[in-house]
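What follows is a pair of complexes built around subunit A, which joins subunit B in one and subunit C in the other.
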Partner chain A sequence: MSTSAMAGTLRRHRRGELFWIYLFIVPGLVLTAMFVFYPMLASWYFSLTEWNGFTDGKDFVGLANYRELVKDPLFWGSFGRSMVFVLIGVPLRVGLALVLAIVLNNIIRGRLSTFFRTVFFLPVMAAASVIGVVLTFVLSPSNGPVSFFLTSTGLSDAPVEFLSDPTLALWSALALHTWKNFGMTLIYWLAALQTVPAEYYEAAAMDGAGAVQRLLRITLPVLIPFSVIIIVLTANENLHAFALIQALTGGGPYYSSEVVEVYIFRTAFAPDSAGGVPRLGYASAAGCFFGLATLAIALLQAWAITLVSAQRKRMK
Partner chain B sequence: MSRTRSSSTPAFRRRSVLGATVLATCGLSACSVETGGDAPAATTDDADFAFSFDPEDSDADQLLWMDSGDLKAVFIGAVIDAFGEKFPEVTTKYDGSGWDQVNQVVPLGIRNGSAPDVFALPQNVPAETAINEGWVQPLDDVLPDFDSWKAGFPATALINGIHVFDGKTYSWPLNSTRRLDITQYISHAAAEAAGVSVPVEDVSTWDDLRSLAKEITAAGTPGILSTADHLYVVIGNLANTAGWLGNSDGMNMKTGKHEYSAPEYLEALEFVRSLIDDGSFVPGFLTLKDADARAQFPTGLAGISLNGPWDIAQWAQDYPDFDYTILPLPSPDGSEYTIPFRETGANMSWLYADSPNVEAAAAVIQYMGSVDGQRTMVELSEGFLVSTLEEANASADPSLLNDRAALVADLAAATMRTCPQFEIRNEAAGEVTLKLQSSDPSISALIEGVFTGQISDAEAALKDLDSRRDEEMEKAFEEAAADGADVDISELQFPNWDPTTDYTAEHYAELESR
Partner chain C sequence: MTLSTALPSVTSDAPEAPPSAPPRKRLRRSERIALLVGGLILLPIALVWIYPFVWVVSSSFKSNAEIFGSLNPFTSTLRLDNYIRAWHEANMGRYFLNTIFVTGMSILISVTVNALLGYVLGRYAFPGKRIIYAMLALVVFLPQGYTVIPIFDLIDSLGLSGSLWGMTLAEAGGVSVIVVLLFAGYFAQLPKELEEAAKVDGAGFLRIFLRVYLPLSGPVLATAVILQFMHAWNDFLLPLVLTLSQPELRTLAVGIYSLQNQYFSDWGMMSAASTIALMPIIIVFIILQKYFIESFSGAVKG
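Up next, the complex of A and B:
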């Protein structure tokens, strides 16, 4: 076979391969378009309308919803609480999970390690709403076991109102959200730790490096690129705490645990005793604004990844 | 409605199926209707289920009915089952699976043309929307003998903007809203533990209630049970006992203005705050759910529950030995009071516009809205559902009624008075409702804020709420008028309203003749 004939065969083969590749992409692309791109674009459109969500008539109001949104103290309150979930919740969860991952990877080994991994991962498997409902009973100040333990042991004089005290509700929700999703971050770190070549540790041991030095000089530097990804993923999870908070407190008392997702839900679907019809257009504006803020955080983290990668290349 | 049957109105013996259908309906809908205790079993009555339906003249081959279930399921389920048994060529199904199911299934069914033949509207869909979007159809042209059926209701029962739109009747009130939202339920176990003799004879003043709550709390059980879900209703009703004229929306229908910042309301708010400061409220009441509170009260969660009569049926079913005293809310000094309420009717159902089984659905609706049907509803619910038709209530067999249901019905009749409604006065009211936007923070949220200390000046916050609600109302009227609706905000004022008597059709007529 001549060279040109071979090239033609290769091109045909490649075209055939591309055909099948694109063909198999189509179902995923269609589903993504239907359930991701379309709702996203629709939300942007809805955010420019005054619409209750079930009538045909949508009044185009331009940026009026956004102008109202930036003046709404309840929105900014919920936005701030979502940021608390990111700025405090993420370092807490990522840091604790890293410590535990190192312990389970380097110190506790065998079946005990597997047991702990399973125990920490179990809450991840449970539905957030179910966990939320169960925990309201567990934390009930009137007849919950936690309250009973704290008062019967003298650790507290009175029942602790974890979910109905406005100074505690958000922090209780954050702690429970951290606990519920802790296993996921732990798995990320354990996977990252598997990438540290054993030869590094062996070489370091031969050079007389201790455990702390191996941690600081080998483990952590290798983990830095992973850390950025893990932080992005954890931040994403912490911004989506709707199911747990709705089940725990519904955003109360008096908005003290209301994060942006709960705010959007309340505005779009549940006007409560405030009367009036739902405001899907306004809620969409809140969703789009929050989406942009989330995107900004993700871009910031992508920029951090770039910086770290550049730093590592210079070090090499 | 006549109970005479023609060949096209076959009868079905109710006596023979009553007990079985009650049990079957309860099982299917997981509802709470077995009252147990000293309640007599609903098994006897001389009336029959009578349906104006001839399968020979109808293409109907099925009847699907969907609503939120609960207490009404015992009646609706029984009627639907009886219809299916009488007309086996029609497949029947009653789905009373709750609001979540209604909220999801009905809009989907509308979109793909498979909605139930009769359904409750999803909670966030105003009736005007369902009509404008062509979801539902009027009953006028499909109900047999519609005019006499409609004439059977009191003059103010079928309301413009709620049941009637553009002169057409789209829905009807299954039962009356004359039902006290809040009464005192005093646990005998908790009271006895505090050294109080039972049944508790008299808690007629606010001080009485405060003292009793303190005694019960001192004996080891939290005194008062109320949850954030309805605390604003408790305070509203307590304010009514002090002479406040606000309705369930906080509006004084004499002035047409919201009056949450009225002195009586503030007085009630302070009274509840004093109960909380005493330590008499159940810890964590602000995040306690109504359903959990209801389930836990008989097990000793608290001594006094401030809630509605819907609790009674569930307690009777789950805790038949639970004993308690039922008393009306106390007033500040023990004097008599009235609670204004909007008689909008409850548990409305709507006929699907594209239903291929209209004749079957219409026959069932016609029966349910008749005197016979309404009396059956009262009896099957053991008196927990009260009809808007006085004749139906009066003719219900007393031996089939639960004593406690009868007591709370009597309390409601003694203290509740219908207040004027804009919807009855002006049939374009629905256009205003569609334009009325919510105003946050709501009264419910503000009360939470006051009791948690997040709001330090309750009066200022309530004045702000009144102002915001009035502004939203004015804006809604202006927008509705701009869209062509013949409405004027002055129509919210009813200067001839006497809160001590029911506001009747004569009062509306008198107002218009001024």
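Up next, the complex of A and C:
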């Protein structure tokens, strides 16, 4: 075979290969265009329209929805409650999960540790909407087992209205969301703890370092860069508590547990409670505004990842 | 952005000490006491932790009179009529089959799509590769807005809103960045000699993928299946919106929420329905928990 003929065969091979390569890309490209990029762009466009129900036409209204949104006290109320979920819920969950992870990694080991990990992870596997419905029974002030326990042991005089007392509902929802997703944060911490090289502990033990010193000098410094990622992931989860809250309280009573996602859903699909028509354009505006507000979190995450990879390089 | 490179997976939960745990073997007395005290403190917390699950399973076998105002999870008679009523009257049978269909088909679609893309990204250089990576970055970083409205609109205009296929496609969704990158990373580190040997035997592009490389990608395949299984089985907002006017297409997660008001006083039946929705995924988790934990810790999408 002459060299030019060989190059020709190679080129033909290469062309055949390229055909297959692009064929392999097409399904991913099409589905992503349909279910990621189109909805994203469309929701930005919808947010500029007045659109009352799917059968209705859309009227372009410019930024009118946004102007209304920034003056809407119900929106800002829900925004504030979402921030409560982040600013109070995240430190709570991340801190408690770290303590438990250190206990399960350093004090309790082997099978017992695996058993506890399974137990604490179990609620993560449950569908949030289903577990929300179950919890409305468990916490019911009439006939619910928790209420029965509290009143029959004398811990409380009257049944506690965990989900129907407007001053309590948001905190109950936050506590239950923390319970439901705690196992995920625990798993992140356990994964981070696994990166502490065993030799470090051995060396420290040889130098006569105690448990507390090992924790402060070895474990915690290794964990610091991971903590940024774990905080960001947990914050992201706490901004998406729709299914659980919708099933627990539907945002009530009197909007007292309505976080942003529940507000948007009500505006778009369940307007009966507000006595109006579905407002798909206005709901889209709220979604886009909220998306921009949470973009900061995604950027923080990118920064965290560079931090961790820098540390990993150092440790190698 | 994905964290696959950042968070290593939790390996080996077996009795033998994980590589990074503090040295085991010589448990000193202080350590044994710490273990005992830790265990004794955690045990009651663990029991309270799973109490809602214990309650719902035990209530599913009781009559309402036995449930109300009772703490005892045990019951002398196992009543199955809650399950029979939930399955027929409350449509759980239908919702169960819907959920199986949507979950199964969306796993098939999403795993295939992600594996194909990951394979070419991991093993081949081609014009446009950078564009694909840029696209993956955009998927993560663009603010989402409220995408469920356009997705509903899209499925409706495709004429798929009357069947489970629309929901299945939407649950499979676009590429999962984390899974694509896991596949790409995994395929990239497999030896090129395998491909060359297969070529000598006359295998083409598709055969090399299907017969040589795909069968070697077990761990990533398991992660991809588990993540999609979790997502599709438990997802709420999207199936809720897609079935607002079509109750017969509901999944379990939506069905139980929707029946809440209708059967709010029938705790026995609602418990049975909830147990039907919760147990499959919990049983699969307990059996395959090592893979689940690895998937979540190694494959965390932010």
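Rule of thumb we're sticking to: the second predicted complex is superposed on the first by the 263 of 316 C-alpha atoms of A that agree within 3 Å, B and C clash if a C-alpha of one lies under 4 Å from a C-alpha of the other, contacts with A are read in each partner's own complex, and residues count from 1 in each chain.
Please note the rule applied: a contact is a pair of C-beta atoms (placed from the backbone, for glycine too) under 8 Å apart; a residue touches a chain by one contact, two chains touch by 3 or more.
Keep in mind that this is a model prediction, so the values were computed, not measured.
With subunit A as the common reference for superposition, the partners subunit B and subunit C occupy clashing space.
Looking at the shared chain after the overlay, A:W76 reaches neither subunit B nor subunit C.
Contacts of A:Y66 after superposition on the shared chain: neither subunit B nor subunit C is touched. Once the two complexes are laid over each other on the shared chain, residue contacts for A:S47 go to subunit C alone; subunit B is not touched. When the two complexes are superposed, the chain touching more residues of subunit A, out of subunit B and subunit C, is C.
Using the contact criterion defined above for the overlaid structures, shared-chain residue A:V277 touches subunit B, although it does not reach subunit C.
Contacts of A:N143 after superposition: both subunit B and subunit C are touched.
In the superposed model, A:Y38 makes contact with subunit C only, not with subunit B. In the superposition on chain A, A:P166 makes contact with subunit B only, while subunit C stays out of contact range.
With both structures placed on the common chain, the touch criterion links A:R109 to subunit C but leaves subunit B unconnected.
In the three-chain model built by superposing on chain A, subunit C overlaps with subunit B at stretch 96-104, while the rest of 96-104, 366-374, 420-428 or 474-482 show no clash.
Under the contact criterion defined above, the residues of subunit A that touch both subunit B in one complex and subunit C in the other are 54, 136-137, 143, 269. Residues 16-18, 20-22, 24-25, 27-29, 31-40, 42-44, 46-47, 54, 103, 105-114, 116-123, 125-138, 143, 145, 148-149, 179, 184, 187-188, 190-198, 201-202, 205, 214, 226, 229, 232-233, 236, 242-243, 246-247, 261, 264-265, 268-269, 280, 283-284, 286-288, 291-292, 294-295, 298-299, 301-302, 304-305, 308-309 of subunit A touch subunit C in their complex.
Subunit B meets subunit A in the complex at residues 107, 124-126, 129, 132-133, 222, 228, 232, 249, 282-289, 292, 296, 301, 433-434, 436-446, 448-449, 451-455, 469, 472.
Taken in their complex, subunit C has these residues touching subunit A: 1, 3, 5-11, 13, 15, 17-24, 31, 34-35, 38-39, 42, 46, 49-53, 55-56, 59, 67-71, 109, 112-114, 116-117, 119-120, 124, 126, 132, 135, 138-154, 156, 169-170, 172-175, 180, 204-206, 209, 230, 233-234, 236-237, 241, 244, 252-254, 256-257, 260, 267, 270-271, 274, 277-278, 281-282, 285-286, 289, 292-293, 296-298, 300, 302. The part of subunit A that touches subunit B in the complex is made up of residues 52-56, 74, 136-137, 140-143, 147, 158-159, 161, 163-166, 169, 248-250, 252-256, 269-279.
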